[in-house]
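Here come two complexes built around chain A, the first alongside chain B, the second alongside chain C.
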Partner chain A sequence: MPSAKTQLVQAVLTWDYNLIFPCLLAIRLLITLTGVQSILEKNHQLTTPLTSYANLQEGIYLFNRGINPYDGGYFRHSPLFLSLFSTILPNTKSTAYIIWTLCDGIAAWALVQIWRARQGISTSSRDLLITTSYLFNPYLVLPSLALSTSTFENTFLLLCIMFASQGKASFALLTLALLVHLSLSTVVLIVPVILLLLSTPKSQLASPHANPVDFRKGLHLLGEYLVYFFILIFTSTLIAGNWNWVSQTWGTTLTLPDLTPNIGLWWYFFTEMFDHFRPFFLMVFSVHLLIYIAPICIKFQYDPLFALFVLIGITNISKAYPTLADPGVFLTMISIFPELYPYFQHPIVTTLLHLHASLLLPLFHQLWLVQGTGNANFFYASTLVLACANGAALRDCIWAGLRIALGPEKEGYIVVQE
Partner chain B sequence: MTDVQPQKPIKRILARFNRFLTPAENASELRIRRRNKTLGALTRRIGTIRLVLFVCGYLWMLALPSDRLARRVWIDENALQPNRVDVHWNWGEVHTADRYLDDLENLRDQNATSDQRAQYLLSQFQKLGLPSSTQKYHFSASSGDIQGSNAFAILSSPRVSGTEAMVISASWLSRTGDGEGQLNLRGVATVLSLAGYLNRYAHWSKDLIFIINDGYLDGMQAWLSAYYGVSQPNLHAEPLEIVSGVIWAALCVDYPGHSYSHLGIFHEGLNGRLPNQDLVTSLYYVASSNSPVIMYDHLDSRDVPDRRDELDPIPLWVPRVMRDMPDVRAYAYRAMNLLRHIGYQARGRASGVHGLFHQYRVDAITLFAYPATGPYGFHAIGRSVEGTLRAANNMLERLHASFFFYLLPVHHEFIQIGKYLPSAILISVAMIFGGLKIWSDAGWTRSSIIEQKVTSEPTWTRRRRPVIPSLLIVLATHLMGTLLFFVVKSSWFVPRYMSTAPILFITFTSLPPLITIFLPPPTVDEATTAPLSSLLKAFNLCIASTIISIISVLNFSMAASLAVFLGIPLSISSSSPNPLPRVFKYFSYALLGLGWLLFGSNEPKSAIRDWEMFGGWFAPFVCIVYAPLVFQAAIVCLQPQ
Partner chain C sequence: MAKWRALFCLAACLYPSALAISTEQFDEELTIRPLPDGKVASTFRFTTLLQGATPRDPQSLGGDDVSQHYTVFPLALGQILREYAVTELHLSLNAGKWRYDRWGLPKELGVGTGAELWAWMGDTEVTSIDKRWKGLRNALAGLFCASLGSLDDLRTTSPVQTFQPEGDLPDWDSPHDVRHASLPSEHVCTENLTPFLKLLPCKSRSGIASLLNPHRLFDADWHGMGVHVLWREKEGVEVRLTFQSVSDPLRSGSRQKQDWSLHSLFGRSIERECPVAHSSRVLVALPQDQSYSITPEPPLVETEWAVFDTTKINMPLNTAMTWAQNFEFPTEFNGAPLTVKRTLRGTSQAYGQLSITVQNRLSSELPVLYLETMPWLVQFYLSTLKASIGGKPHALSNLTYIPAIPHSRPTTFQMLLTIPAKSDLEIVLDVNKAFLLYAEHPPDAQRGWDLPPAILTPLVPIANHSTGQLRIYTPTLLVDLATPDFSMPYNVIIFTCSLIAFLFGNVFNLLTRKFVIIRVGSDKTT
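For the complex of A and B:
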């Protein structure tokens, strides 16, 4: 039974949080007034051909004039964006900043809800930290300022996890269908989301146990997901008028026709490759993402939220067209797993790697494409540093997630993995 | 059994290797022991390793002027083919230049205004039949307004359709004394006569743009801003009436004296950018067949023995025997050149008008005619410019990216990136090792003191590390630096420099201690929580090291200077039990970080002017990055132990 005092503290905290949250959003909006975004908009680290706002505008322009934007080889956004921005949502620059900031706000709120669901509490002193770590993570702020649609993907991702943690199956599966529709590589998240719906978001990392899964129910959920997914396909085809959008959106993720540099590992590899190896390596790179699903979901079956988190980390390192928002959302999600912190092996090394990567990326991008005193190898090298940094963060999290079950260290004992 | 055959050495090694691979004991136990042994050996010796890294790094820096690290220059781009053509510039052109010079001297004697000069230049260009124009500009800067008028002409290439261009320019003021008064009349006369002369030949595959810019850097900044359509709030520049294509190379002629004895090469650009080395080498190949070439305006005292006392860079306290050694003299001359280079590059200052071109991906250098009574004049400089232009004219694609990273200790030898970069990186590694060691030490404490009688061996227990407070201090210092920058660049600061700079120093030095006084006193139980100062120092070292290693790729001179100014000072910052040494240490660091406010008045002023007029990054870098890093170390010293 909580005492009156703790109740009061709780009340003050909630009130504080409800007050501070809009303030943080307002600060985010104020940043857009400074005009920094104009230099970010076409930055390769913040937008890709699949998420760029300029491309979206071109598509909407063509669409509004009755030309199918998917007939050209340029527009690679989902038809849902076309219909949204030409009907419900206003399509001007100034409203765009409001929409994108609101999306970030919703995502941050969803992240707090996930945290609360995981802890089984209605409010906590950590809420503010989690919100700030989402709203002011530079990896997330910058793509949002550049109006990259990866902001929407992150919002749907966190909403989906939130609904799944709260046990709202239909909402979770619908947002998941939207997410996969927007970004095909998130298909690896279907299994852990269904597992999360079948189980609990509560932290079970410290007490691993076999988790009997009700496969029948799981299949039902999968069926429901597929229904939503096909409805979205049907809607998209209705909007676009024909099937061309499939090859232009999902096909791009799988066949990599656009080699515009980004922070991922694919573009340089496929720029350098002889054409007759392309199909094979495209298959290898795409399938590579799928092989992690089973081992991660089996190993962390007792804590599907953590499995989901790890899979997000893996996907976001190795997807075809990532922006900084992809590693950003993974790093921010670390804030809802505070039980891991004492067991991180090299947190400072990981942090320093990220510091180096985030300084090297813009520097080498500048040297190559603006100053002209470097070449593509420079930027590629810095994307490798970023991949190492993300890999180190992922490794730290997985290690800590496994290590936590063994309890605190004892003098004279060492934990090894065989 | 003693009659065992002695094994052959190779078999013995194989057997040992086999034992290593298939150990008899528990494999993972062995692996852990081995790993602990290695790690233990490393961490125990981390102090020594750091010391070795520091010593190696600094010694490497000292070794940079040695000729062992340098190698002879060569041309990477085969298309350039410098000095493989006949140049036709001859005494007739020298005569033309002399006539232009007479006119220019007349203008000078009449105290002609910028507009009159520009009109004269325009009329001369028009007489040559070249499309030409003038451009007026007006700068408003906190150090005073500047206005002027540029004149320029474009010679259309007879062979292609104006998509590519080269620039030959001379500024009205010479670079001698950083554009403070000395006129570049002969440079202007050279460009004018070149305009008439080069017009006669049909082998130009790029347009030639002749620019006589008013002032020193200001005129060219206005012209380039208009050419590239870049707007700048404090600059009003007329749009250019005629334009050409992409500019690939630019040569700036600076000829202030009556005649010259050596041709100096200036190549450092704004924000530490350098032109492609191939262009510098081409100029050297071409020019050295016309007149001796030097770096900057540094005459080698070995070449002019009669002026040795005046030119010798070796200080007098060095024994005469050493000063006479050829190796020492060579080292001293190269060191002087490198220090000059570091002075320009680290401060991000353009060493001549050419420096403004690099930001637009134009390779540019200044040819400086070292003033003397002879023996060279228009004849040699004209041939040098013509020959270099012919080489640049052969350029088919951008010069190779790898040739932007070099150091030139002398004009005919260069140091490759792999031979100079490690010096700064070693120091940065030493710093990051220090930071990591302090970080990991902060997480542990010896708990044996209380229960000493029970355990003979001290037991180590973990303790909390307050990461967020120390990161907040780091953030606060950088915010303070940003505030300082906005104060320093504001328009009221520079005119009142002498009176306001000490006040600023006192304010910003007393700000951190004042804030720490008002903060709640840390309730530190050292057994459970690491002291703030050690975490702050760990972060300070790690961030400084990261910045040094990242900057080293962009601007080696700045990274090397940071390694010198931050390397040892940040590593030895520590608190002490008495308040007096703490305050003393704090003030020493404050002087290191903000001493420029007190002791330099020209340096900060010109850095601010560079920022205002040309977008030089040195002033904001010092305020927002360098000074806060030093202040973090100062706060470490201020923390009670």
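For the complex of A and C:
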């Protein structure tokens, strides 16, 4: 009978995914024991007013004392979080770390399931790489350590894609409704998720073709989605007691009353915006996101999973209150599209831009708000660098996704756009 | 004959006003009190009573008001009170920090730094309270040349328990409600005193009011003026104009004594009496355990107070007090039985911690109502609220919390503190500092924002203060908020829009243009 030690060694040697996955989660939990999270909790790059744990605690505190947290105030989380943490889930710091790590675990597992569904296989040597790229991506680990609720959003996002890839329409639409409920800007993902349900998650990038859509079935799915969505609205209204939660949660992403700095493009723009142009630009910034849906869904109609991936990238650059977890999930998702890698034009530039941004962001934030030796422009400039880095990654992914159809380059020929 | 007729007409004209005098009563009083730390506190009080008058019922706001004829009562103020149907009004404009620990309780309670306005008004459907409150503060801003117009929705709260009416409220069908606002950054100066003096029947020409010399008053260590209007069911409408100051006789020159005289405090003496004053008294607190002399000899001594009646005494009056010994600064003060310290801790411009220490010096338990009316700039995290006495957790009760609305309503936060005898209660609370629109910052944005004082209301009578409700104000705080770069709006708009346009352009460029393969390099066929 082989000893446990040799079994473990063997498992590692054979990359037994089912054994290593819990180990990785355990390492994630161990990180929380280092106490590093106390300095991250109020970090503006990791939490926003919409996702911060301190705000969530304040809301639960008020809710438990019979004060409606949506009557003014700064509580901008969904009523679902309120009911969840005041009833089912225990509301202490230590259990929160376990819940948040478990969420990350579920998300990483969902990502692997998406990869498997795309490849049409039940297990692969790439599983571990994908899991690690999710569980140990610093953009995803740090917000999770700061107990930002964007971790939940990412979990629902990946669960939704997983269910859609596996063809489980009801589950996919329900998680999508939850996702849109938590983060309004993900509304752009409705169309590609429905397309994915109507089509296949298999990689079709190399062979573009027209993919006629069964509109009747699509509308049927959209109807089902709306039913779930309205059930969630109804439940939220029941929990909150009135309709104020709508303006406090979704209204915030549209009207930007809280100008706390974050890594996005909105806060400084609307801090500096002239009063009489403010409504106009709020409209432009909100509607701008919707412009991308149709072109990307049409262009990548043969591979809706890729269209979904591209739209996630766009949303995460241009949403009102992003945390680092938003670009993080996009970057991690690149790992399930290995066919793109040979066709990237400037991966080094993208990486360096990200490195540059991730070093500058905390530094300039500290200089501006704590040391007082820098000013707001410093931090703003580093958010621009991050937006450039995200933009470069997005551009390269779209380029590679289109370029792949033309096959590898031959000597003496180059591929250009007309 | 024509001469007689003219005289008759004149008498007929004068008659109503002569009648009015009998229903108006003007009293003035000056209280001077040497303080334990060598300073001298003086309080002027000018009380005009409109006998038998009632405040205007807000139900009658739609129609014409009764005509107003006053002789002594200030018309300018009367018009404002009638126009906005104000039942009770309290305005105070103060400069400096009242030191409860050294000076004890003030004669007039409203000593919060800056401007404070609160009013009780009847609600009505004709014009809402909030509409009249807005009109009232703008009218008072015009009358007193103060920035009371800034006491807008950002600062208005309705804390009923702390600001109970000092007088009575008429029994109308419509309920009464209070509106309160304070502006700690408002400065008090001569331009506020001049309109204040105009409300007095003798202006500053005679009587006690002639001592109100701006050069000396605004040089004092602490000074503040107040306007109080209230209604007493059995008496009528009372207007009380007050001025308090704390001067330092030890400050000037090489004098080592706490000696003072009216002339040294105010640069003037009372030259003549105010003829319309019903009573006019100067009260001087007499020290109990020190040897002193007071001139002129007080005609009347009531327990610890020397009383000079200016209507009966020889003019000019220049009351003076001299001490036999040099002043010695005491090592310990026996000030107010309840003191409070409030600080904002933390170096970050994004968040901090509010720390409050309330000290009860009494030998009995003291229930105190604590009120914060914080502008939205500082956001409370009540979930982090912790109270302790000597390191041991202490329970707080009766929390009332109305959260702020960003860019508008302030926070109203009230709690009941029960402080055991001779102990310090410490309260800490995490706060967030808001980020403002660039246009919301004041011109001197780097200076920070003054936060209004918190107010403590003991629920049992303390010290020898018996008249109604007591209010103790904490000093104001200064919060340093993060500022954007004010010269950058165009640059930011251009940079961000360019970046978004660049992304948009890139994505659409990739999506719409056709991919083609072209031959490059050394072409062997040509």
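Criterion: the second predicted complex is superposed on the first by the 403 of 418 C-alpha atoms of A that agree within 3 Å, B and C clash if a C-alpha of one lies under 4 Å from a C-alpha of the other, contacts with A are read in each partner's own complex, and residues count from 1 in each chain.
FYI, a residue touches a chain if its C-beta (ideal position, glycine included) is under 8 Å from a C-beta of that chain, and two chains touch if they have at least 3 such contacts.
Keep in mind that what you see is a predicted model, and the values were worked out from it rather than measured.
Trainee: Clash or fit: chain B and chain C on chain A?
Mentor: Because the two structures are overlaid on the shared chain, the partners are seen to fit without clashing.
Trainee: Does chain B (first) or chain C (second) touch A:416, or do both, or does neither?
Mentor: It touches chain B and chain C both.
Trainee: Which chain, chain B or chain C, ends up touching more residues of chain A in the combined arrangement?
Mentor: After superposition, C is the partner touching more of chain A.
Trainee: Contacts for A:159 in the overlay, against chain B (first) and chain C (second): which applies, first, second, both or neither?
Mentor: A:159 contacts neither chain B nor chain C.
Trainee: A:375 contacts which: chain B (first), chain C (second), both, neither?
Mentor: After superposition on chain A, A:375 lies in contact with both partners, chain B and chain C.
Trainee: Should A:193 be classified as contacting the first partner (chain B), the second (chain C), both, or neither?
Mentor: neither
Trainee: Per the contact definition in the header, classify A:288: touching chain B only (first), chain C only (second), both, or neither.
Mentor: The second partner, chain C, only.
Trainee: With the two complexes superposed on chain A, say which partner A:46 touches: chain B (first), chain C (second), both, or neither.
Mentor: Once the two structures are laid over each other on A, A:46 reaches no partner at all.
Trainee: Should A:275 be classified as contacting the first partner (chain B), the second (chain C), both, or neither?
Mentor: Only chain C is touched by A:275; chain B is not.
Trainee: For A:359, is the partner it touches chain B (first), chain C (second), both, or none of the two (neither)?
Mentor: first
Trainee: In the superposed arrangement, which partner chain does A:367 touch: chain B (first), chain C (second), both, or neither?
Mentor: The first partner, chain B, only.
Trainee: By how many Å are the closest C-alpha atoms of chain B and chain C apart after the superposition?
Mentor: 5
Trainee: Let me check the overlay on chain A: which residues of chain A are in contact with chain B and also with chain C?
Mentor: After superposing on chain A, chain A residues 372, 375, 411, 414, 416, 418 contact both chain B and chain C.
Trainee: Given the complex with chain C, which residues does chain A contribute to the contact?
Mentor: Against chain C, chain A makes touches at 42, 44, 54, 57-58, 60-62, 65, 67, 69, 71-74, 257-261, 265, 267-275, 288, 291-292, 295-296, 299, 314, 317-318, 368-370, 372, 375-377, 380, 384, 387-388, 391, 394-395, 398-399, 402-403, 405-406, 411-418.
Trainee: Can you tell me which positions in chain B touch chain A when the two form their complex?
Mentor: So the residues of chain B in touch with chain A come to 28, 31-32, 36, 273-274, 359, 361, 398, 401, 404-405, 432, 436, 439, 459, 462, 538, 542-543, 546-547, 549-550, 553-554.
Trainee: Could you list, by residue number, the parts of chain A that touch chain B in their complex?
Mentor: Against chain B, the touching part of chain A is residues 348-349, 352, 355-356, 359-360, 363-364, 367, 371-375, 409, 411, 414, 416, 418.
Trainee: Enumerate the contact residues on chain C facing chain A in the complex.
Mentor: Answer in residue numbers: 347-351, 379, 381-384, 399, 401-407, 409, 430, 432, 434-439, 482-485, 488-489, 492-493, 495-496, 499-500, 502-504, 506-523.
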